[in-house]
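Both complexes below contain chain A, partnered by chain B and then by chain C.
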Partner chain A sequence: MGMRWHLYKKRLKSTWNVYKRNKKGMVGLTITLIFIFIAIFGPYITPYDPKKIDKTAMWEPPSFKHWLGTDNLGRDILSQLLYGTRISLLVGLFATLISMALGTLIGLLAGYYAESLLGELLERVIDFFLVIPYLPLMIVFATVMREMEIKLPLFWIVIIAIGITGWSGTARVVRSQTLSVKERQFIERARSIGAGDFDIVFRHILPNILPLVFAEAVLTIGGSIIAEAALSFIGLGDPTHISWGMMLNYAFTYAAPLRGAYWFFIPPGLAILILVLGMTLTGYALDEVLNPRLRER
Partner chain B sequence: MLEVKGVKTYYLTDEGQVKAVDGVSFAMERGETLGLAGESGCGKTTLALTITRLLPRNARVISGEIYFDGVEILSLDEEEFRKIRWKDISIIFQEAMNALNPVRRVGDQIVEAILLHENVAREEAVDRVMNALEMVGIDRERFWHYPHEFSGGMRQSALIAMALVCNPKLVIADEPVTALDVMVRAQVLKLIKELQSKMDLSMILITHDLSVIAETCDRVAIMYAGKIVEIGDVISIFKDPKHPYTKGLVKAFPSIYGPRELPASISGTPPDLLNPPSGCRFHPRCPHVMDICKVEEPEMKRINGKQYVACHLY
Partner chain C sequence: MRRMGKAILMKTVNAIITIFAVITFNFFLFRVMPGDPARVLLPKQVRASPELIEKLRRFYGLDKPLHVQFMNYVVQVFQGKLGYSFAYHEPVARVIMDYIWNTILLVGVGEGIAIILGIILGAVAAWRRGEPFDLTVTALNLIFWSMPEFWLGMVFILVFGRYLKILPISGIVDPWLFHENVFSYVADVLRHLILPSTTLALIMLASYYMIMRNTLIDVTTEDYIRTAKAKGFSEKEILWKHAVPNALLPTVTTVAIGLASVISGALTIEIVFSWPGMGWLTYQAIVRRDYPLLQAIFLITSALVIIANLFADIIYTYLDPRVKI
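Entry: the complex of A and B
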């Protein structure tokens, strides 16, 4: 068994060595890691309780006391921003997990059974989700789930609404890759040693497209974080949690731009922008490293 | 042990029926290695796919019977045959065709073959695969490696181990050394010969390279345009070929020890299997063509001992 782990480590190291040379990828990874660090330790390093109302310090501009100023109720913006990192990242992560599971499964089946009715049907479903603009679709899902009074915290309803709208891109990529992988010789060999459809799809095709799914996932997290911000901004988020989208929502509800309170809406907006940029750079770099055809030597 | 009787396998295409295998019969005994030779497109591989029932979707077995240990295998349903395939009849795939999944460990892929057919614990299967790898000259610990960490010759050896791991009675090797370079080819052929004597294997070896057959086979069947034109023991066929096509094939190989002469080629082009020539299919290219060849199909005739030929000359 020692050999096995040794090989595993070696392989990881060689992947890392290729990744290391990708400058954009390293910038993206650094940004991402900083945000992950904040997400984990943010609540412990916030200078103030992000929900604590201070009527004596409303609409304060940035100062040494409040580095990023305060909001309409005198709550510290920096604390909210640090705290919100965790919520935004968590929503992005869970929604992406749902998207990846759905996208991979549907893409695999649509590709593997492409010649049959099932494949044809799934392909139409993928196309449908691809062409419908995701924001209205997500709003509909979120609203319907709220109206159905599902016994689920709002936090999870938001995640599910984002997750079940964001899988079609992944499904399309997985489907086309499956179409190509299933024609390869080792699939025929696997079938001739007696492997059934289940074995072939999950043991032979899936491992071949997993790196692609991985890269796709990193890209989707960014999209999911924006989606969360969008939902929260238009008031479909979970008001009990402070996320960046929720901060933007409050800022605009209380007319921060009109009051000139730039410190209220610029930090969360910038945070979203930078994190998504970091994730996207990381995702593209991973795609280049893990997809041999794109690898730059 | 294996008896093929009048098998016809056609491909259905938009232009019509391609008669890839058109009435092939032969029998094999246990422990015997039969070489199947002929130019590209003569139906060798289609015959192998018919025996292993791995034909592509547009191929049909029009007629014929194949008996394996007394059981007619063409009429078995897919589920029944799946038990026979690999357990009783296995295949050595061509390494050049990327028969190994690049993202799974070589060992795991061979273990899969055992677990799909035998009810054994994974640990036992792993152990057996390691032994099988050792048998084909690969280090046990290589079990954990991925195909790209193997050399071409090792991958071909691993595929041989995969074919043997369930102790099959019959192994079909389709061009097992075709894509390998000369040194590696010699190693793999040596390995095949060793295993033949060690395991008492029965084997059908398909190749267009007569030297491979000369080195490994007991008997050889020469195919032309979907039919076997000559079959017999290797020595008779190489020393004294009867069919004009076989003669052409043997002459096309330069002899190292004989007098210096240019290898001869067979004139003409391979026949169109959509509309094969009438009578003897070789007649448009045959140097000894007679009137009867154009109208009547020759029957298999016994020449001497084990040598049979289908030609009007005899």
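Entry: the complex of A and C
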């Protein structure tokens, strides 16, 4: 165990040394870390309670009192934005965890059993989820879960709906990678000393695919955050938690663009844009570093 | 030629199987909903008597075993009977017919602009790799790619509807305008189309641009380009006559894969601009809890994407010289 840990540490260090030299990657990582910092500490430094209604200060433009103005109910926009960072990031993170677990498992099995009926079937399922428009699918999942007899909290419905829709891209990548890894010699060797299917898939193939899954995960978090915004915008979000998507929903419902209340909807959209951009840069840089084939270009 | 026919047949069969999968998926997904599906067929506000629910159950055949229900559902779908919308008090199929063409118009125009612009910008950027043009356009594309499309729509409403007041921001025609002839009507529709289709095009642009740019960079390192250079062709000729046609192929494939996300993007854009299409209808179905309508929209949009995908696939088969031999 000690030996293996030492090896991981060494590999991590050399990966970091290559990553450091990637300028776009470092910009992306910095942006991402700043947002994570805000997500952790933001709610403690909000100037106001983000849910506190103040009927004497509705639709106020930015001022010294309210740096980013107030919304239709007089709630402070900056406080909502800081608080929303945590919610949006958490939704993105949890949804991505579901997507990665599903995508990796289905991709591994589809690749390892590619020649059998199971593999063929799983490949079909992956293609099916790839071709279906994801937002209508997410909407259907969310609606069905809202109507189920077991009452799930809305917060988790949003997460699950995004998570079980967004795994197919990862599954496709993992499947093709598994196809190539399983042909390598060390797999043959493991099999010859009596390793079973389970051992080969999870202890020999999976560790070789994890770096790829990691890069996929960073890219998927960005997509999940945009998906949360879209679901909330449509009205399938969780109104008890203020996320960036929920802010955009309120802004649109109360016609902020037509009222010229730019402070109401520009900040949350800009926050999504910058964070997703940061994560995309990080994800692509990770892909380049962890996939040497791409690095050569 | 025969091999091509066989490839097309295989792809058609595949598409039909996928559509069947969507129908099955759709049926069982909505059956998972609350204990009694008959309850879902009624508006939420209605307190239905047990007699009414029983009547509905019998009317929709919900008292029969599941596999019989499923068979009935499949038959009805192919007869175009998609259920009854209680929000619009009309058969769902008729409601969708009124809205689907508006979505096809928006998606067609938005996609068209995105593909053409993506190919041209991508080609030029690849040729000028690392130069200011490439860096600026790539950065802009990445920025558009990272924003929620409906947010871009809201920004456009602020700029063009509130500040400049030069473009219509809602609906498909001006309800207060009297159209004396077809041309003024078409002109009105086109004016309303500008903002939603531009929003869609800007968001979709990035994927076509990136594929075109990256493929072209790969192509330019190939031998025949070097040969063309050695023969003394001008840079412009090499780019547009030799390199671009070969890079178009992967871009066509992207068009097919991209369709699923175009439909998703158009959905929220339609809501922002009140464009009376399938996305706007989806919003109505959610807000009014009109589940028969929602179920049918999901079925129709998925089928549309699968069919469009099939066409892109067939075109690809025609374009790829390796399949023709």
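Note that in this section the second predicted complex is superposed on the first by the 284 of 297 C-alpha atoms of A that agree within 3 Å, B and C clash if a C-alpha of one lies under 4 Å from a C-alpha of the other, contacts with A are read in each partner's own complex, and residues count from 1 in each chain.
What we mean here is this: a residue touches a chain if its C-beta (ideal position, glycine included) is under 8 Å from a C-beta of that chain, and two chains touch if they have at least 3 such contacts.
Owing to the predicted nature of the structure, the values given are computational and were not obtained by experimental measurement.
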Checklist entry - Does chain B (first) or chain C (second) touch A:Val27, or do both, or does neither? => result neither
Item to check | Contacts of A:His204 with chain B and chain C, given as first, second, both or neither | outcome: first
Next on the checklist: Quick check for you: in the superposed arrangement, does A:Ile160 touch first (chain B), second (chain C), both or neither?
Outcome noted: neither
Checklist entry - In the superposed arrangement, does A:Val18 touch chain B (first), chain C (second), both or neither? => result neither
Checklist entry - Looking at the overlay, what does A:Leu273 touch: chain B (first), chain C (second), both, or neither? => result second
Checklist entry - Between chain B and chain C, which makes contact with more of the residues in chain A? => result C
Next on the checklist: Looking at A:Ala195, would you say it contacts chain B, chain C, both, or neither? Reply first, second, both or neither.
Outcome noted: first
Checklist entry - Which partner does A:Gln185 contact after superposing on A: first (chain B), second (chain C), both, neither? => result first
Next on the checklist: Contacts for A:Ala101 in the overlay, against chain B (first) and chain C (second): which applies, first, second, both or neither?
Outcome noted: neither
Checklist entry - Residue overlap on chain A between the chain B contact set and the chain C contact set? => result none
Item to check | Contact footprint of chain C on chain A as seen in their complex | outcome: 124, 127-128, 130-137, 139-141, 143-144, 147-149, 222, 226, 229-230, 233-236, 245, 248, 251-252, 256-260, 262, 265-266, 268-269, 272-274, 276-277, 280-281
Checklist entry - Which residues of chain A touch chain B in the complex? => result 3-4, 7, 184-186, 188-195, 199, 203-204, 207-208, 210
Checklist outcome for this item: Listed in rising order, chain C residues that touch chain A in their complex are 18, 21-22, 25, 29-30, 32-35, 40, 142-143, 145-148, 150-151, 154-155, 157-158, 161-163, 169, 257, 259-261, 263-265, 267-268, 271-272, 282-283, 286-287, 291, 294-295, 297-298, 301-302, 305-306, 309
Checklist entry - Residues of chain B touching chain A in their complex? => result 52, 54, 82, 85-86, 91, 93, 97-104, 109, 112-113, 116-117, 141, 144-145, 162
